[in-house]
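We just call them A, B and C in the order they show up, numbering each chain from 1.
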Amino acid sequence: MSKYKPKTKTGLFKRIAWRVLSLVLVFGLWEFAGRKPISIIFPTFTSTMVALMNLLIDGTLLSAYAVTLVPLAIGVALVGFLGIVFGILMGLYRSFEWLTLPVFIIVQSAPMAALIPLITFLYGIGLGAKVLAVVLMAAPVIVLNSYRGIRNANPTLIQMGRSFLASRTQEIFKIILPDASGMIFAGLRLGVAAGFIGVILAELLITPTGIGDLITYYRALALYPQMFASIFSIVLFASVVVSALQRLEGILFRRQQCTS
Amino acid sequence: MIIFGRRIPMIFALLIWLLVWEAIGRAELLFLIPPFADVVRAMFKLLATGKFYQAVSVSFIAFSTGMMISISIGIPLGILMGRVRFIDELLGMWVNVFVSAPLTAIVPALMVLTGFGQTTVIVTVILFSVWIITLDTRAGVRNINPSLLEMGRSFGANKLQLYTKVIFKAALPEILAGLRLGLIRGVRGVIVGQLLIAIIGLGELFELYSRSFLMDRFWALVIMIFLFAYMISEAVNHLEKRIEFWASTR
Amino acid sequence: MQANTIQNRPIIEVKELSKTYPGRVEALRNVNLSIPRGQLTTLLGPSGCGKTTLLKIIAGLLNKTEGNVFINGQPVNGPGPERAFVFQDFALLPWCTVLRNVAFGLELRGVPGKQRNEIAMKYIDEVGLTGFEKAYPYELSGGMRQRVGLARALAVDAEILLMDEPFASVDEQTRRKFQEDLLNLLKIEKKTVVFVTHSIEEAVYVSDQVALLGPRPGRIMRVINTRLDHAENVEDIRRDQRYLNLVEDLWQILRQYLI
């Protein structure tokens, strides 16, 4: 009958302590490796953090992120909407599933990054190219998760609906879609993670703007602390976004997870 | 799909798509998409060139070396994380961060540290694949029914036997799932690494073909890589299905 | 006169029903069964004897291979408003409150919100879940979840309740209480109930008649009248000598079919 795991104060304290210890361990190793040094190029943790602070203060990082996040947001919104609709249709209509599923089965294991060089031919090096890169990387997982969510909707619930005389429309909107929503959202989260990869790859390979260009730029100038700071920031930012989405997922779909 | 009472295998859907591709190519709607027949022809031409084999062998060596290292780190680490509390607490956060982080951004750093060569590609493969293997192995170990471990102990298994004969085997379904995802990510690692370095292996060929507008060869290469990734994934999938029965009765 | 003949006629008639699953698994062979109106009939048998299959065919959730099922003389082609199903694993919508779950059948029929909530509240009360209408399924124990499933089936006011091992996922004490409550409830709600179980005690305790099913392929072995006049007090049944004798008799019959 207990609703949640008891979150006592000591439990929370312990969790934070482990977090801190784990951060200290990894950053300590980084600092050590930088000081030793394992390579004259490898900056220490502290010099990277100083560089990060400076980049933050002079606004370089902020303007770079402004450039990077626009195509990411557009791409995720676009493929989020179209991909989910596509995946839902795949799950609901057998003939549509028959036609499209084999393509997605191949695409889900394929390195879609191989197609990125082609994007330049389609959209040049502007915003469109980056959006397309995001779409290309995020689409498979979003479509397939929506599809699987629909196809794996709890069969007992569907049977229950039928026994209480649900029409097909009621079955879809009152049972299948709500049941699949958790999985669809998870697909969206994985899509955002994949979209980050797409946009960075596009910025490194075809469109020298944004945070990807910052990495290339500092590498060319041999300003390694700044370069590592840029990389650090993007990894940090992406994991904050993705884990925030994961939290949100946990809150939104808690009820489903507890009973099934 | 069922037409006239007969079940038509899904593979035929791919044939339909290839016909659509051929039609688009014939109509010359997009120069990006040459007729599929040309792509097939280019595939055979590629298979006859030494440059292709060189690229494939360089890439395959990078892939297999990287994967071997990745597996031999990932599985033991995952088992340890599943069994030892403080290792899990210490590393869990990082594994979770890196499993979904845009690791592509780290590749340029590798390039300055380990050079524009094979080492960087290998490290990229490891970096892409090791986290998911670790995470899934850990999940597998965590899912083991405690009474199975107690059984092992009560029948006098020593530590080594407990790990090799009970824990590893019981976690095998998840380990294989992690392995499959790890291999898929490893292929991505090779491609991303080589694309960014752009002077070795398949990455060099991609660069060459796209710059000189040899679209048929470009697609021939893409299709072969996609098929390779698919076959690897299917091979592990096959193994997974063979041991599926014990995942349900653990 | 006519009303009388309808009353005497069995509400459910199963005639020469057979069911073969794809892959040539024969689940039922030539099943004939009459289920009298207003009584509780139990389908009893070991696992794999096709009792749930039979129940789901009566419910219209599974297709038959041969034969027919008639409800009030009409052949069954799918689910209907005169039948309501109670599922073994509850089949509650996890994202809906108890109230909405109980009202779900009415919601599907387009009953306006206020009216269906009133009806639902009445049955929530009847199954003893007053105060829990705002709770979500994950906050309830297994027994309480099944009470929600029962209330949902009662709320649509069907003549027939089809209960598929409703207490199988519930612990022993809760089950006993639930069985007693069910009998008391059925005194108020005059329903025809078809009940599936593999527990002999449960079958004898709740039923007016028991249909014994044998396995591979499933078929009816015997139909036994187990009506104990438990109109008086449901708590005394388990001490009744007739109850104890029936349990033993059924076991003697069933054991012949076990290997």
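Observations
Everything below uses one rule, namely that contacts are C-beta pairs under 8 Å (C-beta built on N, C-alpha and C of every residue); 3 or more make two chains touch, one makes a residue touch a chain.
Given the structure is predicted, the values throughout are model-derived calculations rather than measurements.
Across the assembly, the chain pair joined by the most C-beta contact pairs is A-B. Farthest chain from chain B, judged by C-alpha centroids: C.
Centres computed as Cα averages put chain A at a distance of 48 Å from chain C.
Separating the centre of chain B from that of chain C, both taken as means of CA atoms, is a distance of 50 Å.
In this assembly, the C-alpha centroid of chain A lies 18 Å from the C-alpha centroid of chain B. Shared interface positions of chain C, defined as residues touching 2 or more other chains, are absent. For chain A, no residue reaches two or more other chains under the stated contact definition. Looking at the complex, you find that chain A touches chain B at residues 18-19, 21-23, 25-26, 39, 41-42, 94-95, 98-103, 105-107, 109-111, 113-118, 120-122, 190, 193, 196-197, 200-201, 204-205, 211-212, 215-216, 219, 224, 227-228, 230-231, 234-235, 238-239, 242-243. Chain B meets chain A in the complex at residues 1, 8, 10-11, 13-14, 16-17, 31-32, 89-94, 96-97, 100-109, 111-113, 184, 187-188, 190-192, 195-196, 206-207, 210, 218, 221-222, 225-227, 229-230, 232-233.
Considering their complex, residues 59-61, 78-81, 83-85, 87, 89, 91-95, 104-105, 107-109, 136-139, 141, 152, 156 of chain C touch chain A.
Of all residues in chain A, only 1, 3, 154, 156-157, 159-167, 170, 174-175, 178, 254-256, 258-260 touch chain C in the complex they form.
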